[in-house]
Amino acid sequence: MVPLTHYLIFSAVLFSIGVLGVLIRRNAIVVFMCVEIMLNAVNVSLIAFDRYLNQHDGQIFSFMVMCVAAAEVSVGLAIVIALFRNKATVNLDEINLMKW
Amino acid sequence: MELLIFYPLALVSVILALFVVFNKSPIGSAVCLIGMMLGLAGVFILLQAHFLAILQIIVYAGAIMVLFMFVIMLLNLKDDDTKWKIRERNIFLSSATGVLIVGILYKIIDVTTDTKFDSPATVPDNFGTVEVVGTALFTDFVLPFEVASILLLAAMVGAVVLAKSKVD
Amino acid sequence: MIAAPEIDLISLAPVLVLSVFTMLVMLIDLFVGKNKSVLVFVALTGLLLAAVSSFAKTDWPVSSFGGSYVVDHMSVFFTMIFCLSSGLAILLSVDYNKRENIRVGEYYSLIMFCTVGMIILASSTDLIMIFLGIEIVSLCLYVLAGIRRGDTRSNEAALKYFLLGAFATGFLLYGMTLLYGATGTTKLAGIAEALSHAEVLSQPILVMGVVLLIAGFGFKVASVPFHMWTPDVYQGAPTPVTAFMAVGPKAAAFAAFFRVFTTAMPELAPTWEVLLSIIAVTTMFVGNLGAIMQTNIKRLLAYSSISHAGYILIAIIAKGSLATSALLFYMLSYTFMTFGAFSIVILLGRAGKENLELEDYSGLGFKAPLLGLAMSVFLLSLGGLPPLAGFVAKFYIFQAALNEGYVILVVLAVLNSAISLYYYLKVIVFMYMKEPKGDFQISLTPITLIIIIIGLIGTVQLGLFPGPVISLAHP
Amino acid sequence: MYSLSWLILLLPLTGFLSLSWFGKRFPKLLGGWFACAMVGGAFLVTLLMLAQLYSESPADRLNHVQTLYPWIVSEGFSLNLSILIDPLSVFMLLIVTGVGFLIHVYSIGYMHHDKEFNRFFAYMNLFIFAMSVLVLAADFFFLIVGWALVGLASYLLIGFWTEKKSAVLAARKAFVMNVIGDVGMLIAAFMIFEHFGSLNYVDVFKAAPTAFFPNDDSILLITFLLLVGAFAKSAQIPLHTWLPDAMEGPTPVSALIHAATMVTAGVYLVARCNALFTMAPFTMYLIASVGVITAIVAGSIGMVQYDIKRVIAYSTMSQIGFMFLAVGVGVYSVGMFHLMTHAFFKALLFLGAGSVIHGMADEQDIRKMGGLRYAMPITFITFLIASLALAGFPLTAGFFSKEEIVMNAYHGQYGNFVFWGLAVIAVGMTGFYTFRLFFYTFMGKSRTPEAKPHESPLVMTAPLMILAGLSLLGGFLGPWVHSFLSPVFGGAVPMHHDDAMLEIIAVAAAMGGIIAAVAIYMTGKDQLAFAKQMLAPIYEALYNKYYIDEIYDFLIVKPVKAIGKFMEERAEKLGIDFSVDEVGRQVREVSRGISIWQSGKVRIYALNMVAGMVTILLFVIFM
């Protein structure tokens, strides 16, 4: 059997990769994909906890996470499209009209 | 035995996740992300969460990622626009980030190895099936389920407001 | 056989009423012609009915849906604040939307959806519900921030808010997950119960979870170092949305923050008290010091709202029933003064020229004495000057903290209040001591006047006679 | 009857609100007289309170707390909207509204040409209101409210001429300094609340004698923090530099706020909290020391100034130093007595100076004045009376109060020889700078012949004459003041010390100062004619005057100038000014840093979030 710890470490590694991606990528859409990696990583933890606690709460939770992710993606991509229409870029470093 | 399945799956998922981050083209990233999600679906099955595994493939890898692809194609993002490189002037910041990430990873591992769950509970046969999860969803968690509908409706309205073409 | 779920629709009355009216707004929007003012009435009716229906249950606290939803004095009071702030936001937008050509049907319905989310957020006692509530609120705000589709700043605000918000959601979610893993339940009461056993408390993942939760909630309430989105988003979002964002959703996030930390994790208080104290102090300092050099009124108010988050965090640190009522009172008075100030900011703007620089306020005190006076009252109240609402609110929070023995925290907070007066007075100095630049064209519409008057009455009334509201806020 | 006391607050507030609101629509003079009427009304009500107090036996005159309604009520704490009527507050109010009324009347003439006439009176009424709040407060909370409000009013009035850059800067400086004091007071209030569980004067002062041991750590800290507020407001070293700069404001403001009332609030505070300060003898020594040092330092700087208002400003600091010396050695009512006489003659001096400035078309440099005694006879005589009173010429008001202070500096509870000696030196300085100013301004010949000085109108000179009368005769009120205030200070009436030696030395010091001024400034080259005319017999008979000039120059003028310059440069420029400016600069730097941190880039924001979270995490793990 796989110890729970391995799942948790796996999830933590994925989460960190997601964070890393958010920090270093400049393309808004890819940054957003990295956020999705983070959410997926959390799902792994949730389901692993469930299995080891013999419960279903975590699965319901991750079900909701998927639902939220879907909603977020639709809104997020809509925002990207709206921005692209005005500025023709998705490069985050160029999106700094407002600062200081 | 399970370890033999888990490790390759985990390894592939991690590598694909890294490819998402380091791929030059957004389409490539998206494809790698789909691969990672499929890998995760495998891990879910290993955890006997069959229903969630199916959802992972249908909703995530299917619907969500298709939307990503669609938008990338729609905006016609070229490689040159999206190339990433370590910024010349902020090497310090970037390396600080790296150190922080390594630190956080180390700490997470350090912190999580010391838990009470060393071995899984013995679970009933129907654990993670559509029936059991569905029952939980419609009894104990009926309120979140209904609230999620508000969320989706709001998201739908929002997406339409923002993305529809300029002519009203 | 599946056991029938326990459903208590009466507890949910405000949520249901508001959802129904939200859909009504969307439907009516399809059928009315050019004149959309009927939508305002429908929306306001919905908010009013929701506020009234929150009293459907009176034997507080009532817990329903297996302990994931609760109606108590806190949730009811917060529902009032939410309905009030959404109502004010809708009223505030009427002229603005006309001026900026924003489609009102979706706009109003999004604000109402957001209100639904806020009510859920303030009434939930289950991590899953809290997560969903936060997401509803956030998604609506992402869209509202970017609703001026043709305006690059608005787009940019939406994108920044969205990416950072989604990022923060990841942290919040991870924190909730770890909390769930350590305690085996998502219900707040269950978590508190599990945490009362010593062996659970020693788990390191719990600490991780708390830290991640602080990061997630810290983002939603705009506390340092998770505050960086605030000035940009506040500046870029349409002004009524900014006002709304600074009040309703923030109050909702604080409600959830308060509930999660004080009801679910009192056992961990020694840990998070220290963390939150440090965060509160840095938040106050960064907010107040950052505001000093700002020249854009919206950014200035954004920094001011950051510093206010710092004060409110003190209420969470103080815990206790006095802290609850202090939090409620603070959010209510904050609603009045913030909406008042933003309504005047909107009033000064015109189509194509928003007049957001402090220079644009030169001489307002002479050109429009009443507006100048009202703005001064709101700003001074934000600065916490007696006898206005802001003062009494701060006073209550500080007293709650003093009762629990956080003297240094309070002294630092008072020091910050003194610093904050500098930039609030700076605006007033601009209004009264500089010669007017350019021409003012202030077209005071009845609706804006109503909001200003509501704000003034609230600010002064809560300042001079806080007694009745305090006894309402008291459990 | 006591319930009418709310009118004292309401009348000036009404004046402020209606003038600031409808100021533009008021005819010019009407607004001014309206403001005067409000303050005059407050004065009448105060007299009514006085009569009411007199209808009771002295012991019953304390603790008449008038509560309007309970404002904030919560667990274990309540804050009422209430005011306190007792001999001390009524005494202060008499000065505030009485002198305030005269200055209001005077301002109608002085500000006549200003186009923002009504705004000026609105602020003046605001000040009277704020000062009344401060004085009437029944608890530390409203004391601080009043404390901050007078700071605000002072800020508005110093910076009244917004087009004058130096005025705006001075206003800002005064505000910052006063905020330092306010913060000190606030923290003191927190500590008082922590120790007594209440902020009410009545509760706190009743509990104070049993709550602490003398010189307890916490009582020392509380009194010290209160002192920070008192010193900042009363311009005592090291928080004094704002006061000379505050002279940029209109002259009636200087008379009302920066001479007669607001700056003496610190003395009032110590007197009001005498129950606390009595428990901290160490702090009492500190007060007396700071007071006497300020008296000396400010006096010495005053001796070399050429701006007519700055000389009087330094004189004010010096005289407040005397008051602090008095309360510091434990004779509170003597301090209050000097506060009263000082209010009379210093307001008179400032108003006289205002009249001069008015007559000289806004000229403030005394080197360019001279010979005004013919052009402005009323101003001349009243100014002379004020100068005599300030210098402590026998039988004027200043003589009585200052003599009592000097005596008590030696004989008082905490008095000693050093305080006495320094006080005598300061007395001498007072005589010197007062008459230096006087001679420069009024004697000799005009140094700017092109100026056409003229006497001020009656509306300005009438208050001068009334104040002159008070400055002459106010000294005889001493016994009344002591007996009236004694219930507040635990029934103690300061003893009259019959020590002829000390008395003679003190008077001699004052006269010596005056004579020195006469000798130096009446013999100046440009005043040759006048000097000859007045002092010719002595001069001709005894001295070669050129020779003596040089000796004086070497022995007195040069050292005095050097000391004054040194004090000005070291104590002011390098001391607190520097640190206040530096703090302000650093704050702006930090603020700019925070703005730049806000780089507008999403990735930096995300990085900050992660960095913050990791920091928190590491903090938790390694804590």
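Chains here go by letter, A, B, C and D, matching the order in which they are written, and residues are numbered from 1 within each.
By our rule, a contact is a pair of C-beta atoms (placed from the backbone, for glycine too) under 8 Å apart; a residue touches a chain by one contact, two chains touch by 3 or more.
Predicted model, so just to flag it, every value in this text is computed and none were measured.
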| item | value |
| --- | --- |
| Chain whose averaged C-alpha position falls nearest the assembly-wide average | C |
| Far-end chain from chain D, centres as C-alpha averages | B |
| Distance from chain D to chain B - Cα centre to Cα centre, in angstrom | 70 |
| Centre distance in Å when chain A and chain D are each reduced to the mean of their C-alpha atoms | 65 |
| Whole-Å separation of chain centres (CA-atom averages), chain B against chain C | 30 |
| Inter-chain centre distance, chain A versus chain B - centres from mean C-alpha coordinates, in Å | 6 |
| For chain B, residues contacting two or more additional chains | 97, 101, 104, 108, 111-112, 115, 140-141, 144, 148, 151, 154-155, 158-162, 166 |
| Set of chain C residues in contact with two or more other chains | 128, 132, 135, 139, 142-143, 146, 149-150, 158-160, 163, 167, 205, 207-208, 231-232 |
| Multi-chain contact sites of chain D, meaning residues that touch two or more partners | 595, 598, 600, 602, 604, 606-607, 610-611, 617, 621 |
| Residue ranges of chain C in contact with chain B within the complex | 2-5, 7, 12, 19, 26, 65-66, 68-69, 103, 106-107, 109-110, 113-114, 116-117, 120, 126, 128-129, 132-133, 135-136, 139-140, 142-143, 146-147, 149-150, 158, 199, 203-205, 207-208 |
| Chain C residues within the chain A interface of the complex | 127-128, 131-132, 135, 139, 142-143, 146, 149-153, 155-160, 162-163, 166-167, 169-170, 173-174, 176-178, 180-181, 184-186, 205, 231-232, 235-236 |
| Residues of chain A that touch chain D when the two form their complex | 19, 22-24, 26, 31, 92-93, 95-100 |
| Touching residues on chain D, where the partner in the complex is chain C | 21, 24, 69-77, 79, 145, 159, 162, 168, 179, 182-183, 186-187, 190, 193-194, 587-588, 590-592, 594-595, 597-598, 600, 602, 604-606, 608-609, 611-613, 615-617, 619-621, 623 |
| Parts of chain B lying in touch with chain A, wherever the complex brings them together | 2-3, 6, 10, 13-14, 17-18, 20-21, 23, 26, 29-30, 33, 36-37, 40, 43-44, 46-49, 51-52, 55-56, 59-60, 63-64, 67-68, 71-72, 74-75, 77, 81-82, 84, 86, 94, 97, 101, 104-105, 108-109, 112-113, 115, 117-123, 127-128, 132-133, 136-137, 140-141, 144, 148, 151-152, 154-156, 158-163, 166 |
